[in-house]
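Here come two complexes built around subunit A, the first alongside subunit B, the second alongside subunit C.
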Partner chain A sequence: MKNRQITFQILRYNPQDVASKPRLQSYTLEKDSGMTLFIALNEIREQQDPTLQFDFVCRAGICGSCAMMVNGRPRLACRTLISDLPKTIVLTPLPFFELIGDLSVNTGKWMRGMSRHLEAWLHSREESPDLGRIEEKMEPEVAEAVYEMDRCIECGCCIAACGTAQMRQDFVGAVGLGKIARFRLDPRDIRADDDFYELIGDDNGVFGCMSLLACHDVCPKYLPLKTQIAFLRRKMAKIAIRQE
Partner chain B sequence: MSASVFIVQSGLAEKTRKSRLPGILDVLQSVTGLFLALFMWGHMCFVASILLGKTAMWTVTRMFEGYFFFGKSYYGLVSLVVAFVALVFFVHALLAVRKFPGNYRQWRAVRAHAKAMRHGDSTLWIWQVYTGFLLFFLASAHLYQMMIWPQDIGPYASADRIWSDGLWPFYLVMLLAIELHACIGLYRLAIKWDLLPVSLAFLKRLKWGLTVFFLALGLATLGAYMKIGYEHRFQYGERYTPKTLPDWLLRFSPTDDFPNIILPQPTLTEESP
Partner chain C sequence: MNTILTDVLVIGGGLAGLRAAIGAKQRGHRVLILSLVPPKRSHSAAAQGGMQASLANVIRGQDDNEDVHFEDTVRGSDWGADQVVARMFVNTAPKAVRELAAWGTPWSRVRRGDHNVVINGEKVTLTERDAAHGLIAQRDFGGTEKWRACHVSDGTGHAMLFTMSDQVIRHDIEVLERTEALALIHDGERCYGAVVRNLVSGELFACMAKATIIATGGAGRLYRVTTNAVICEGMGHALALETGVAPLGNMEAVQFHPTGIFPAGILVTEGCRGDGGLLRDADGHRFMPDYEPEKKELASRDVVSRRMEEHIRNGKGISSRFGKHLWLDITLLGKQHIEHNLREVKEICEIFLGMNPARSWIPVRPAQHYTMGGIRTNYTGESPWLKGLFAAGEAACWDLHGFNRLGGNSVAETVVAGMIVGEFIADFCDNPANTVAPPILLAGEFVRREKAALEKLLYHPGKENAFRLCAEMQDVMTRSVGIFRNADNLQEGVAHLRSLLRKSLDIGIVGKSGGSNPELVAAYRVRRMLKLAITIAEGAYRRVESRGAHFREDFPKRDDQNWLKRTLAFWSNDPESDLPRLEYEPLDVKRMELPPGWRGYGSKDYIDHPDTLARQLEVAEVKYSYLTAGKDRFALQEALMPYADYLPESLRGKNERLDEPLERR
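Coming up: the complex of A and B.
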């Protein structure tokens, strides 16, 4: 396959250094079309600039660490083929999250805060369940539906793509609403819609979503975010109308 | 004063039972938007009756004035309908403005985001903000005018307003703003509540199809009024009265009072030689 020269424009900025100013730095690379963005970034760091900061762990689209803005859109670097991109590639960090440096952001800090705020864990009937006991049976289709929402890798792409989140820092975004949808489906969770309303029944929650669909369009795991958020909205609206 | 006032003032609102108001306001924003968009489509079709002829538009106008039901025109009926639409419009505007960028930082962030993302639905939302902002002024002015002067609706009256009163640029901008805002809004409503059993791809095609259809209908209608207004410019102020009515319509018409309503025509059942 014919090689080609790729130009990368990468945002460089170190928030720890008061003298540092955000700028785009150019790198060029000769690459085959089968290479991923993740491999290209590693080559740049190894051969051209060891100070370049970016994150990765699994290299297989499972950990969500390597999410970044690729030509303005959030994507996973490990799942993005260079052959799918134009010859000039602009890489910037995910907006919204705390910037560590260059392309590296602290999504974990925000995700933990969001999970605590939304109580995104199983609320069981028993206070201290016997972990050695065999779990209660679940209908296969219910288990499938729970698993479907559990595939979220918390990469932050949905938040970075969300217009509402760019304006309102307290918005829980599709990742937060997806977690509520997941626990709402789970028959082991004792919470009812009234309880979920207390968590997402406001403009920082489901009513803040403006249905811009960017989360749905960029999710690297292809989660059914549009359907799930609309479903939650209907359920929460019903609670609001019935109980006012 | 209720305890909740002091709890909220203390910044502890989040520690109490969550208000149901955000949910109700969200539903209300959707319901008012749905009503206004459907009303606007109906309104567009009625106004476009001018494309079928002056008598068709005259008939539609008189129908809404109650002429074919009560035997004479009651302009107050039109004012009442307009007042109700205005009320719904103000409620919708009040609720929708909550979603607008509230300061420069938010505006800069969301605009840069839409530009960099090149994402169709995010860009459409920016257009909804632009058109919605325009409609605060344009729709308010139009509703006020129709509420105060409902008698000035008719083939010649409307055409004179558009041409001789120089309001065609106003109507042109309002037409573009309202058609875009309503079609994008209905599309977003369908996504937001996900109640229609159709695919997203179909919704997108439907949105563009309806936008093009209503824009074309609106532009053709505005063009027709401009043409009539131009031809009628030297008889400015004269009201249209049909020379005759179709037989089926005459059966609904108050023939006893006809001379009072259709002033220049003593009889309507006979064609002039």
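Coming up: the complex of A and C.
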């Protein structure tokens, strides 16, 4: 049964505890068919080490809680099958975000700050529409295109993989640019490109992107980040040139 | 002691809590939201297929309206629902969809002209009206007469939750993420807020408010196999139960969803069957028409789940090393449809099953899905037993769903209840009589009590393991309080759960960190979960009839004569207490707009209430006289069961449809 054994190297660190020092801790586990990192980590916590910290909520790849570095690559742990990984699995928390402990990071706080900064909500024409009336129409293709970008789950993988984010703490990242692209596509939003330029027309916004585009490769929802960011940059560059 | 004062304390950052928070904030009140996780990670995001609202835009939804939605909901509930609440709900649901549309939800839209769909296993061409082009689209769901489920592809809950959460950010409403309410602060008559634990630092503090609303979702994690997220442990239910004052209603009403993927229990949406997917057995045979000739795969969830388990018992399941399952076949819908309308389903199948649902059948088996029971409230969402305590959404027993909820009605309930209850909370806070000086001393007592309990738990040299107790509880619930129930199993289940509750007093904890400590969290939660589990099992044991999702093999008939009533469960403050006290709240047939009858699917055999026949005749007479006198459906409804006065004034208006235009002002 030896060949079914897998080894985890998990980064342990509790920033709340002054005595705690970051270290890699090893655990071994019997592999099972269909085993995901969600199942494996819970098994470790329940049977070997009840102090191990990590975050899961939906365990179905839709809530974005469980992003972590799996052998150096940001992934949703709940959607990662052990069978797709080598026999030694190194797990570390997402970089960039505030560390809560072990594999748990505070993506929620950062995402909320980003949303507030980018005013990432629909700016509608009418403040309080008459809810008894038939809704405003929208082309089916447009609704689908908006949803395509609206599928972002704010997991933080794109930020963890981003070269610019390693250097600029205030960079809004693919997640932020994706949100702007989403509201820009939405005909219900009254903001024009000039308004979006105010939000992302600088190095913390669309001009900070170095086009390395690891975000696109690691996005677990397969959002078309590459084309959307390129398109957004073209539009914003036009305004920048005009403003020169 | 750190104390936060606010007007409205919202416990739970899912759709119901967020919408109620926005309502109260818009009316000028201070609002604070507590959430275990960032709100966008809430379980509301898991709603896939749709939100029921009678917009009647698509051709198969034509002639849909509040009346049809109302009847579907009441039949679905097996007459357990509060019909006034159901009326309030169906009138508000279209407004909720339209409000979300105005706030940014990218609802899927109707495209004019011909499109091919699969209905009852056959390809059919439907033609959508020109006038409907660009309006919000509906799809078919189980237990409904019309296509009514408004959707955003199959990521409906996600899109709704992101819209709502972004509105909360826009309204600058404070959310304390990674915090957990441990106890309600109350004096037996009035609720004043909650004792709250910071899940990162371990700090305890008091949040004091004029009104407290629990919107913490369901308790699916009481079961081994559930579609629910790992945070759905019923802690909001437990908050109310542990007051010893506020009861839970109908906790034995637990829904099992027909299509959890096997064996993980991850949900694939009812939209699969709504869009034409079929259930097949070991022989590849489509078996549902054999059992349910009327609605087939699209009977209500309780009925379909029961038929599936029955079919497995009849030896028609597919064997695997994890046990038996059946197939969900959506291959007939085609690749194009699956990639556009069922993309979450496709991803789930690819990742968790390593298969492509456009080519192969999906292994499924019913899994725990929804908690119909909850904190019993009146129509305003307030607990009649504890002033200032409100509840909304899955955590509440409002009671919209009775003994079985229809697909698409829960995500609709979250927003609708948030809108309605949010207004009533604002009214409550506006009333000067409800402004009382916060009893700081009382709050201090509650904080000290929780602190002492946590310290005792942390340092008690016990020999029980919290994770193992939890797993054992989940096994008992699955075995004894599942889809098929009987007296022997339930009795054994209750006894077993009581012994686990006793064992939970002897939990030992290895890691002594008082801060972020998953073992400590598991330990204090498992005790509360066990109280809920016992409440469910005991309620199921006492209810000697079958209604909706509660099915007793030894009492297979619905018994309106003796059981047309709601279970109320109270938990005594006595620390030795290990059983709830049950009371029953009768439903009044004489006031029902839709008196009890056959649901249109499922068993035709039931025991009538003595008042049923008289009420049926009365309703028939009123209908006849109103329709012959040319009165409209609104007048008729008003004559049968007036409800409009119960709604907040802002939500009373009619709903416009293509075929029911409102006069332009």
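By definition in this document, the second predicted complex is superposed on the first by the 234 of 244 C-alpha atoms of A that agree within 3 Å, B and C clash if a C-alpha of one lies under 4 Å from a C-alpha of the other, contacts with A are read in each partner's own complex, and residues count from 1 in each chain.
The rule is simple: a contact is a pair of C-beta atoms (placed from the backbone, for glycine too) under 8 Å apart; a residue touches a chain by one contact, two chains touch by 3 or more.
What you see is a predicted model; the values in this text were computed from it and never measured.
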Sharing subunit A, do subunit B and subunit C clash or fit in the superposition? fit
Would you sort A:51 into first (subunit B), second (subunit C), both or neither based on which partner it touches? second
Subunit A as apex of subunit B and subunit C, Cα-centre angle in degrees (nearest 10): 160
Who touches more of subunit A, subunit B or subunit C? C
Identify the partner contact of A:60: answer first if only subunit B is touched, second if only subunit C is, both if each is, neither if none is. second
A:6 in the overlay: touching subunit B, subunit C, both, or neither? Say first, second, both or neither. neither
Just subunit B (first), just subunit C (second), both, or neither: which does A:120 touch? second
Applying the touch criterion given at the start, work out whether A:236 contacts subunit B, subunit C, both or neither, answering first, second, both or neither. first
Nearest CA pair across subunit B and subunit C in the overlay: distance in Å? 19
What is the shared patch of subunit A, the residues that subunit B and subunit C both contact? none
Where on subunit A does subunit B make contact in their complex? 69, 72-73, 95, 161, 163, 166-168, 197-198, 201-203, 207, 209-214, 217, 226-227, 230-231, 233-234, 236-237, 239-241, 243-244
Sites on subunit C touched by subunit A in the complex: 37-38, 40-43, 45-46, 55, 94-95, 97-99, 101-104, 106-111, 133-137, 152-153, 155, 158-159, 162-163, 166-167, 169-170, 175, 177-178, 200-201, 229-231, 264, 266-267, 340, 344, 347-348, 351-352, 354, 467-468, 471, 509-511, 513, 515-519, 522, 653-658, 662
So, in the complex, the side of subunit B touching subunit A is made of residues 17-27, 98-99, 101-102, 106, 109-110, 113-119, 121-122, 125, 188, 191-195, 200
Considering only the defined contacts, which subunit A positions touch subunit C in the complex? 14, 16-17, 34, 36, 45-46, 50-53, 55-65, 79, 81, 100-101, 104, 106-109, 111-112, 115-116, 119-122, 124, 126, 129, 131-140, 143-144, 146-147, 150-151, 153-154, 183, 186, 188-189
